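Should a chain be cited, it is by its letter among A, B, C and D, assigned in written order, with residues numbered from 1 in that chain.
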Amino acid sequence: MPRIAYFGPQGTFTEQAALAFALEDAELVPVDTVPLALAATRRGDTDFCCVPVENSVEGAVPATMDALVTGDPLVAVAETVLPVHFSILVRPGTNEIKTVASHPHALAQVREWLGEHLPHATPIATASTASAAKSVANGEFDAAVSAPVAVSHYPLSEFATEVADVADARTRFLLLRKPGFLPAPTGADRTSVCVTTPDRMGVLAELLTELRLRGINLTGLESRPTKGKLGEYRFYIDLEGHVAEPQVGDALAALHRHSREIRFLGSYPKADHEPAPMHNAEFTAATTWVEAVRKGETG
Amino acid sequence: MPRIAYFGPQGTFTEQAALAFALEDAELVPVDTVPLALAATRRGDTDFCCVPVENSVEGAVPATMDALVTGDPLVAVAETVLPVHFSILVRPGTNEIKTVASHPHALAQVREWLGEHLPHATPIATASTASAAKSVANGEFDAAVSAPVAVSHYPLSEFATEVADVADARTRFLLLRKPGFLPAPTGADRTSVCVTTPDRMGVLAELLTELRLRGINLTGLESRPTKGKLGEYRFYIDLEGHVAEPQVGDALAALHRHSREIRFLGSYPKADHEPAPMHNAEFTAATTWVEAVRKGETG
Amino acid sequence: MPRIAYFGPQGTFTEQAALAFALEDAELVPVDTVPLALAATRRGDTDFCCVPVENSVEGAVPATMDALVTGDPLVAVAETVLPVHFSILVRPGTNEIKTVASHPHALAQVREWLGEHLPHATPIATASTASAAKSVANGEFDAAVSAPVAVSHYPLSEFATEVADVADARTRFLLLRKPGFLPAPTGADRTSVCVTTPDRMGVLAELLTELRLRGINLTGLESRPTKGKLGEYRFYIDLEGHVAEPQVGDALAALHRHSREIRFLGSYPKADHEPAPMHNAEFTAATTWVEAVRKGETG
Amino acid sequence: MPRIAYFGPQGTFTEQAALAFALEDAELVPVDTVPLALAATRRGDTDFCCVPVENSVEGAVPATMDALVTGDPLVAVAETVLPVHFSILVRPGTNEIKTVASHPHALAQVREWLGEHLPHATPIATASTASAAKSVANGEFDAAVSAPVAVSHYPLSEFATEVADVADARTRFLLLRKPGFLPAPTGADRTSVCVTTPDRMGVLAELLTELRLRGINLTGLESRPTKGKLGEYRFYIDLEGHVAEPQVGDALAALHRHSREIRFLGSYPKADHEPAPMHNAEFTAATTWVEAVRKGETG
C-alpha cells in the first residue's frame, strides 16, 4: 500500500489533490509543512508526497520551490490542477453566522463573496482552512471557508459550495517520488527542471534561446535568488514534452551546458492531456546523419 | 504636505518602508490592502503610495504585481529594501510567555527562533503582525512577532529584536505616484516595466535577447499569467539603468515592439546605490552616425 | 553634363550598365580597372562611377568589394541588373570561324555553346571581351565573345546573340557617388553597409540577430578578411529598406554598436522594384512611447 | 599508388598544392577544370582530387564551391595553404624582356611589380600561368608570370622569385576523396559543411546562433544563391573542430535541423596546426546527465 505524505492537515486542498492522483489503496499521511512532506519521502517514510506548486492567483509556492532543490532529488511523476472553489461549512442547524474563520489567504480569496452574502459576519484568521473547519465543528466560530474535502472530516454542513471571487482560480499540485521510475511518454507531457545560472549578463536569454531554437514550448518560468552568491538565480523551467523524447533530451543537455547546476524535476503527463506538438523526427534524423558522417557513410 | 498611502495597519513593515522614504513632513495613511493603497493614489486622495513588491524568501508579492497593471498607470519613483527582522513585543513586566501571536507568514519566518527561545509558547494566528501587537497590548496574548516599528504605536517592550530564522531575508518596497515626474538619473538606477507578450513560441527568449544584445543587465524577472487569454503571460522586468539614458530608452523601445502591451513602471535610484555599468556613449554614437548618414554627411 | 567613370574599355558589360542608369546626357568615361573608376569619382574627376558588384555565377567582385572600403566613402544611388548574354561578333562577310577570342571568364561561360555551334574553332584568351572585339575588327581573330554593346563600337556583325550556357546568369552593377545626396525612399529599396567586426566568437551571429529581431530581410552577405589583423572580417550586408525608414535606421544603429568600423554604402531603389514589407509604424510607435515616458506623459 | 586529379595543367599552383599534400608515390593527373577534377574522383578514376577553395585576395573560388555540391558527395581529408608568390621565368640567356605573358588574374596580382621592374614590357594574356610558361619556352613571348613549380616542367630560368604586390596573399587548397575514411581528430581540425536554408527571414542568424551558443568558432562563411528557387541560399561554413568531437557533432546536428539540405564537406587537420579551444567535456557531461535522468538514476 503506497503511502503519500501531503501538506495537511486533513481537509485541505492538498489532501484533495492527493486523492485526485487516485493511487489505489494509497494511505494519505498529513504533515505540517511542505518541506516536511518532501522530507518524509526523502527519508523513505512515504513513497510519494503531494505538494502545491503554483496558484493562478498567488503564483508559485515559495516553500515548494525551495524544498525541491534542497536535499536529495525528488522527481514529479504526476500533476493535477484543482479549481480553487471553497465550501462554506457550518454546524448543522446553524441559523446565524456572526463569525467566519479561515486562513487569511482563503479569506482574501472570498472577500467579495462574503461582502455580498455575509456582510455582517466578522472574519477570523486561523492557521489553515482545515483548522477553521475544526474550530467551527467544536463550536468556536460559526462558519469556515474550507476546501470542499473538509466536509468529509468534520460533522459539518455545506452552507455554500464553489465559492470564489475569481471564477477560474486554480492550483497545480505535483506528486513527487525518489528518482528511479520515469512515467512513460504519453504525447502530452510536461518536463520540469531547476537551473542555477552563473552570474553573467544575458545567461537567461541564452537558456531560453536554446529552447526557442529547438521549438520547445515554455509553459512556466519562475526565478528565485539563490541563498548563496548575490546575482545568482535559480530558474524553474516547465516545458512541453518528455525527457525520453529526442527533442527534449537534446534541450535539457543544452540547459545542462549553460548552468552551474541543474536538477531534473520530472517528466509527467500534463493535467490537461493536450498533446504537445513535438518535432522528434527532426532530432532523430539529425543524430542519425551525424552518426553516418562519423562512420564515413555519407558526405 | 505630501500624503502617502501604505498597506497598513500602523506598525507593519510597510509603514516602516514608508518612513524610510524620508519625505519631509509626509502624512502616512494606512489602508487595508495593497490594491487600496494604489487606488488612493490613482484617485488623487494621496500623492504617493508605498507597497511591498518582493520578498527574498516569499518571492514577488502577487497583490502588488496585479494591482500595478490594473487601472491607471502609476510609476515608481523610489525603492527601499528592509531586512525582515522581527521584534518580539510584550507588555512591560511580562514574566511568562504562554502565547505568541502574529500573522502566519511571520510565525513561519521565526519558527526556529521560537523553538529555541520560547519552546513552550503556543503560536496564535492573527490577521497581521500589527494586529498581533494590538492584541498583546490589550492583554489577549502574551507576545507578538512584529515589525520593529510597531513598538512606537503600542505601550509594549521589546523582549527581543532582530529575530529571523533566515538572517538576510529582505523585502523590497516601491514608492509609487502618478506619471508626470521622473527622478533624474543618478548613475545607479533601476527601471521596471511590465510586458504582455503574444502567445508565440520563443517570445520571451526574444525579449531577453533584445536586452542581452544591448548589454542591459536584468535584475529581476517575474511572470504571471494574464487573466484573459490562455498562454498569454505578463512579464515584470527589472533592469539596470534609467529610461532617460540612451541605452535603456533604446531597449525599452525594443520591448515595446515585441509586446502586445507594455507599461512603464518607473526609473528610480537603486536602494543599494551601486553604479550600473552603462554603455550610453555607444548608443549616442550610433544614433549620431545614422543621422549623419541620413543627411548625406557620411558614408 | 554628369560624367560617369566605368570599368572599361568601351564595349563591356559595365558600359552597358552605365548606359542602363539612363542619366540624361551623361558622358561615359572608360577607365582600366574598378579601383580607378572609384578613384576618379573620389577625386572629383567624375560625378559618378559604375562598377560590377556581384555575378550570379562568379559571386562577389573582389576588386569592387575592396575598393569600396579603401579611401574616402562613396555611396550607391542606384543599382541595375544585366543578364549575362553574350553576342558573337564577326567581321561582315566572314565565312569560316577558326578562332574565337574573349576574356577567359567569358569563354568559360559559353564553353558549351561553342562546343555545339563552333566545335572546331580555337578559343583565344584576351584581356577583355572588348579587346577581343577590337582584335576581330582588325583581322587578328575571326570571332569575339562580347557584351552586346560592343557591336556599337566596332564595324562588326552579330553572328549570334543572347549566348549563355547558364540561361539566367546576371550581374549586378552599382552607380556610386560621393555622399551628399540620398535617393528618396520608394518603398522598394535596398541598403548596403560594410561592417568590420572585432575578433570575437559569435559576433556575426549577433549582427544577424539584430536584423532578425527587427524583421529586416537580408538580401546579401559577403565576408572578406581584412588585410590587417588576422581573424578580423569585413561583412558586406545588403538588406531591404531605406536608411531614411525608422526600421532600417534603427537596425543600422545596432550594427554600428557591434562593429569596430561601419561604412554606409547606400540606400537605393532595388532593380526589381519589388516592394519590401516593412514595419516602420511599429518602430515609430515604440520611439514615440519612449519619448512620452521620458516626458512623464505615460506609464 | 594513389592517383590525384588536380586543376592543371602542369606547372600551376594547384599542382604545387597537390605536391604539398605529400602523399608518397602519388601520381598527379592534371585535368582542365575544377569540375573535371572532382568528376575524376567521383567516377573512381582517381583516388583524390586537389582543388583551390579560396584566395585571400580574390575570395572563394566559385567553380569549386559549385562543384562540391553538385553530384555525389566528396569530403576533404586535408588542406594546405600556399603563399601566392610568382616566379618570373625566362629562357636562359634572355637579355631583353619585351613581353610578359600570364593569366590575366596573375598579371593583375603583379601589376605594381611589373611597373617597377619591367616598365616597358607589354603584358600578354594567356589561358593559364602554365601556358604562359610554355609559350615562353617555345619562344613566343619573353617572360612568364608563373607558379614556382613551373620551372620544373620547362627549360626556363628564374628571372625573379617570390614576386607579389600583396605580400601575404595566400590560396587554400583541399584534398578531396569519396566518403569512407575520416582523418582522426588532431586537436587542431577544421570542419566544412554546406547548408541550404529555407527562404525564411532570419534563418542564417539562427544557424550562427546555434554555433555561438555552443562556443563553436566560425572560420569561414560563404554564401551563394542556389540555382533553383529564388531567395534560397547555400552557405559554406567552416568551423573549428572535428565531427568526431562531441561539441562539433552536436553543432552539426543542429545545423541539420535548420536546413533544407546539408552536405558534410570534411573534417581535417588545419594547415596552421593551431589548436582549437574546444569544450567537449561539457558536451559529454551533458549527454551523460540526460542518459542518467532517462534511466531514473538522478534528478
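Simple rule for what comes next: a residue touches a chain if its C-beta (ideal position, glycine included) is under 8 Å from a C-beta of that chain, and two chains touch if they have at least 3 such contacts.
Bear in mind that the values here come from a model prediction, so they are computed numbers and not experimental data.
**Student:** Would you mind naming the chains that touch chain A and likewise touch chain D?
**Tutor:** Both chain A and chain D are touched by no common chain, going by the contact rule given at the top.
**Student:** From chain A, which chain is the farthest off, judged by mean CA positions?
**Tutor:** If we average the C-alpha coordinates per chain, C ends up farthest from chain A.
**Student:** For chain A versus chain C, what separation do you get between their C-alpha means, in angstrom?
**Tutor:** Measuring from centre to centre gives 61 Å for this pair.
**Student:** Return the distance between the CA-based centres of chain B and chain C, expressed in whole Å.
**Tutor:** Centre-to-centre distance between chain B and chain C: 58 Å.
**Student:** Chain A to chain B: how many Å between their CA centres?
**Tutor:** 26
**Student:** When you check chain C against every other chain, which residues touch at least two of them?
**Tutor:** In chain C, residues 206, 209 touch at least two other chains, as defined above.
**Student:** Would you mind giving me the full set of chain pairs in touch?
**Tutor:** A-B, A-D, B-C, C-D
**Student:** Write out the stretch or stretches of chain C touching chain D in their complex.
**Tutor:** It comes out as residues 56-60, 62, 65, 103-104, 123, 125-127, 166, 201-202, 204-206, 208-209, 211-212, 215-218, 220-225, 227.
**Student:** So in the complex, which bits of chain D are touching chain A?
**Tutor:** It comes out as residues 72-75, 179-182, 206, 209-210, 213-214, 243-244, 249-250, 252-254, 256-258, 262-266, 279, 282-283, 285-287, 289-290, 293-294, 296-299.
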